[in-house]
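Two complexes come next, and they have one chain in common, chain A, joined by chain B in the first and chain C in the second.
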Partner chain A sequence: MKQSVTVNQPAEAKWLRVIRTFFTKVNIKKPTFNLSSFLKKVGIPLVSIAVFIGIWHLGAEALKQREINFRIEKTLTDQGESAAAALKACFASNESTCQTNTLPSPSQVWSSILTLIADHYVIKQDKEAFAEKTAAVNAKREAAGKEPIVYTGRPSFVDIVITSLKTVFAGFLLAFFIAVPIGIVIGLSDKLRNAFNWFIQIFKPVSPVVWYLLVFMIVKTLLIGTSTDNSFVISFISVGLCAMWATLVNTAVGVSTVDKDYINVAKVLKLGPLQKVFKVILPSSLPLIFTGLRITLSVAWMVLIAIELLAQSPGLGLFVWEEFQNGANDSNSKIIVAMFVIGIIGFLLDRFMLTIQNMVSFNKSEGI
Partner chain B sequence: MKKMKTILKRTISVITLAVLLNSCGGKEKKETKAETKEEVKTTGLEIEKPQLTFGFIKLTDMAPLAIAKDKGYFEDEGLFVSVEAQSNWKNVLDRVIDGQLDGSHMLAGQPIAAGAGFGRQAELVTTFSMDLNGNGITVSNDVWSKMKPNVPKDEDGKPIHPIKAEALKPVIAEYKNSGKAFKMGMVFPVSTHNYEIRYWLAAAGIHPGMYTAENVQGQIDAEVLLSVTPPPQMPATLESGTIYGYCVGEPWNQQAVFKGIGVPVTTNYDIWKNNPEKVFVMTKKFIEENPNTAIAVTKALIRAGKWLDQPENRAEAVKILSKPQYVGAPESVLANSMTGTFEFEKGDKRQMPDFNVFYKYNATYPFYSDGIWFLTQMRRWGQIPETKPANWYSETIQKIYRPDIWKKAAELLVKEGKIPVEDIPQTDGYKPATTDFIDGKKFDAKDPLGYINSFSIGNKDK
Partner chain C sequence: MAYLELKNIYKTYGEGENTTEVLSDINLSIEEGEFVAIVGFTGSGKTTLVNLINGLLEPTSGEVLFKGEPAKGTSHERGVIFQNYSLLPWLSVEQNVLMAVKEAFPKRGKAVWKRKAAHYIEMVGLTPAINKLPKELSGGMRQRVAVARALAMKPDMIIMDEPLGALDALTRGNLQDQILNIWGKDKRTALLITNDVDEGIYMADRIIPLRPGPNATLGPEFKIDFERPRDKTDLNDNPVYKKTRNAIIEYLMDIGEERKSEQQNTYVLPDLMPKSFVRV
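Moving on, here comes the complex of A and B:
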């Protein structure tokens, strides 16, 4: 951080020099931070975001214009000039009845973000009002040993994200507890690995939709007769089963490729089988297991949308689907908001896993 | 990589800040709201199950549910109801039968088919009829531009309604000659839409295909291949070119106009004036275990229907329905059909005061005769594969349609002064015979076999 700003770097871009001369000309005090590394860390991502938004904006505008042109042309051939002129004026006035149904622009998406946040507060108040309204009834019901009345309104966007996170974590834990033990067992034995190989190869590429249907068939029959809403159970089990294969394979590979020397050391020290697994095999196969877990987590987050949609579990998947069905003027931009939220949360989850990996393993690895 | 880590750290701190900001605020208004709401009114009915979940499909005719919830009619009865949008009609049926939903907005044909031997069997009951009319048939822009020259026009050059399927006949032939099967969408095999689009096509001599016990696709001998698409997906399916037209409830016809992807050609009001459409369905088990709850639910829905049919309330109803948790379509689209008009070609908006009827003409009463019409159509198209005697029709429908519960609810409402006593029809459950169909055929629910035999296309019974 102490590097001087004036050091001349050959790879420096022209604009960087321009900025620097600007700084010296306006006689700003020498910045106490390293400008070039600051620009690299913050400036470059910011510039790339700006470029992305710019391209998006231009693309959205072009698509919008294309749709408007087509519809005016169509009206012109079908209904004549006056109708086409009316439609043109309608589009120009940006009325709610004349909106295009194409890719929303960045500003539309931004206003949808604000709507969703405002909506969250409205629902929060609603919930509080509901709790007060039902307080008396609930007190009576509790005294009679019955279940209290719960909120009957719709969930806010924040609730939706929380539901999705819960589903993913439950599914991830399920995958963890199934895949890691099985992976260790089949990694230790060649015979078992051969026995399981066909099974893994066949089930690994099965699509989330099919997993959902499979789990649906089984869970529905197991819970037959009860009328509880099992959409959450079905969705987290489907997510777990769909996502566990990467961990299973990586664990098996990691365990089976442990350095022979380590095994020999274990033999010399006369470690028992359990001790051998926990003291030698697991630590040395951790990097591969964690790579598998990271893939599992990202697959879980990815398939979640499809599974929630099918299971009618009130998470992001259902949100996206319902907005698609609504076809309201802001539906497309809400879908894009959900897309970004899904992407950002997926990114954070991956970083989170990487942090844990670096905490527990010897080889420090870097994220891409 | 240190760079990534610092980015991560920064993101985390930004998020924590956002969460902190989130949790503050929003508490100020708490007190003012609670004061305005009165104590929940007692109805004298002991509610067995106050917490209920009802399902619906995103269609304007789910309005009674949305209104009963939003205007607090359910809570007036001591019911706390969540309403959940469902993905398709099969899902609705399964979830009601399996008990995940306590009741649902359903196609009138669904509880009937479930009790008459087509599709999944279960004991379902209809206590409340949600609306009359409300559907339309929409064709793609391409089909419309080929069909339009065949439609008779008035002196202003506007098409004369009702448009009959005769105008579509040459278009189907043209598609056939170029090697394309003419495909249209409807929402469910036992939906009103399936029977209406079949009725419309068959009235012009176009064969929509038969069902048999072995073949439940309903495409045997078909000139038009009908297939199932969930209502909210209709416009998108039409746009992608998978189907060339569809029959669906609102707002999905107006949505096609609004988005410029298709043109509605007729409404079911023109096919059969004031035909029954959606119903509210619970399981027989539920109403036996919770008889008072069933009555209370019906009461709230009748009040909602009454509120909806006061013309001055329709604008507010549109606002409520356009909320994302109900229908969610833009207000302008919903308003097109909900406020007494219907837009055919873009710009060709016509008066249709009875397009959506929720209360008038005893719309909420579950008439046996309405149910029998569905049974006759199921038999006509072979969904009921074998001949049934005339008395089977009335016996079957009396197990499913339960006007007794409707009457109990309505009588309580009269006592509470919420509806006038004239609103309870003096009837044996059969509407008088009518000829209000696009082809002028006479329907008398007391002679189902005679009605079935009067059609040139379809099964005949002795």
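Moving on, here comes the complex of A and C:
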């Protein structure tokens, strides 16, 4: 009994230590309320947000007025005074047939957010109803070895965001599994680095659109005759290939520039080649690798929009493009909503990676 | 037979016209259990000499014999304490020492490794900091971890490359005593490279000055045969200590002067007059 206690203790201490270091790294402190610093940290951003929305509102109003004036004047010269008066009244009554097609005002965007959320619940109910209705049929089909009937209706905005996130994570993982191993191998060997250098230098600056086309050519042929979701596969592969270069280069640089002191330590301790890589070279290049991964994730999120648009993958990119093409009254404000959602998610992803990066990084002077 | 022997060692860096000979004609032999200090100016090739002995570098010509056998590459028989502590910053004190323990006792289990690591960490008085990362330690504590790591490899000989160079005077004195204590316990052979003559006299049995490079070579040795354990205050009043110290410093200074006078080339300046832009 006594022995088991002594055996368990160090494990628990280590576990606690990990949590403690996590919290010190993330820097969570007990909140202490201080009015002036509270005003500085919360008040100033709130004021700047209000100013931003105000300027946006005024700008949107000015643009709207300019379009209305132009259209009334044009009607006046083309169709006469009565038609112009009718149009003016129509604009004033704010009917859905008489809407401007310009930058939407903040209130329009807000109502679009509400519409999109309400829309999500409607579609969700729709889906549930569909699932209920087809449950019996699907069970039969599955028993007969056929594929079940799936919901093919319009995706809601939340579905769209989730598709985009899935694509980005799949692409990011692909980039991770390609770039990190290759980067390590290249970083370890001068010869391989020279052999791969031209390849990296040429393909790194290639635009996402071209990557998409290349992946399209290959994947389309590979997946001929299968029922796999082509657009998803193509878009995540393109995103991964576009975004992996930062990680590849950073890993190679990190591995090839490990501090000589650490290499000397490895030599004096007589570590084997594998141990040298895993115990000394990789840990010491982790900070650079994670810097690369952070850039990769933000690049992936940026190119995603263009690639989804081209690949017709039902994510945010396609959403923005379709809204633009469709030209309904609230299309413009939905595009702005998508813009904010893209921005906020991008920011959160970057913050997430920054936290991890801070956890693994160390200062070179710390060991010396 | 000498424990460690350097025979006619030459070391050059670079190739062709850019060759610089850093060390030339180094001959040294150290007996088992001896504490030898090599004293030299900064940049005189001390670190190169250390790296030749511990196997990180190969001599251009000449050979390093360890226990009568030519030494090839690094080995845990020759433990090194580096000038900068070279701890791995992502590992805790214990993990840093464990790396060395695993090397010295590869076949033992985890429990043995942990016990040994704890033993060496206790030896340098760092048990309370066993789970700390190097960045949480002071310079002196870091160097003690480096000492523990070097000792944990169970070296037959311990090579110290200016181990206390970056520390303040008080910590320095403390660590000197600790190293002497540990050395005194099992009388391992030790080689100390330093730029501090007093440190050399306090710690070593023999002091050998390194004439500054390029073409650095070892000068005549000075025997230090004070009783151990030595006391710093007593040493200061000891006339023999003063004499030895002055002799070593004088020797080093003389080389410095010699080198300066060697470099007094005369340059012939071209006979030029400043051009006048004023039209006469």
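Assume the second predicted complex is superposed on the first by the 326 of 368 C-alpha atoms of A that agree within 3 Å, B and C clash if a C-alpha of one lies under 4 Å from a C-alpha of the other, contacts with A are read in each partner's own complex, and residues count from 1 in each chain.
One rule holds in what follows: contacts are C-beta pairs under 8 Å (C-beta built on N, C-alpha and C of every residue); 3 or more make two chains touch, one makes a residue touch a chain.
Since this is a predicted model, take the numbers as computed values, not measurements.
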{"item": "Partner chain(s) touched by A:Val268 [first = chain B, second = chain C, both, neither]", "value": "second"}
{"item": "Which superposed partner A:Val137 touches (first chain B, second chain C, both, neither)", "value": "first"}
{"item": "Chain A residues touched - chain C or chain B, whichever exceeds", "value": "B"}
{"item": "Touched partner set for A:Ala83, first chain B, second chain C, both or neither", "value": "first"}
{"item": "Touched partner set for A:Glu73, first chain B, second chain C, both or neither", "value": "neither"}
{"item": "Touched partner set for A:Pro283, first chain B, second chain C, both or neither", "value": "second"}
{"item": "Partner chain(s) touched by A:Asp190 [first = chain B, second = chain C, both, neither]", "value": "neither"}
{"item": "Shared contact residues on chain A - chain B and chain C", "value": "366-367"}
{"item": "Touch list for chain B against partner chain A, complex", "value": "1, 3-4, 6-8, 11, 15, 22, 25-26, 29-30, 33-34, 37, 39-40, 50-51, 53, 58, 69, 75, 78, 80-82, 84-87, 91, 98-100, 141, 145, 232-233, 235-236, 255, 258-260, 322, 324-325, 327-333, 345-347"}
{"item": "Chain A - residues contacting chain C, complex", "value": "13, 17, 261-262, 264-265, 267-271, 279-280, 283-284, 286, 362-364, 366-368"}
{"item": "Chain C to chain A touching residues, read off their complex", "value": "54-56, 73-76, 79-80, 82, 84-91, 99-100, 103, 131, 133-135, 142, 153"}
{"item": "Interface residues, chain A side, partner chain B - complex", "value": "40-41, 45, 71, 74-75, 78-79, 83, 86-87, 96-97, 99, 101, 120-121, 124-125, 128-129, 132-134, 136-137, 147, 149-150, 152-154, 158, 220, 226-231, 309-310, 312, 321-329, 331, 348, 351, 355, 366-367"}
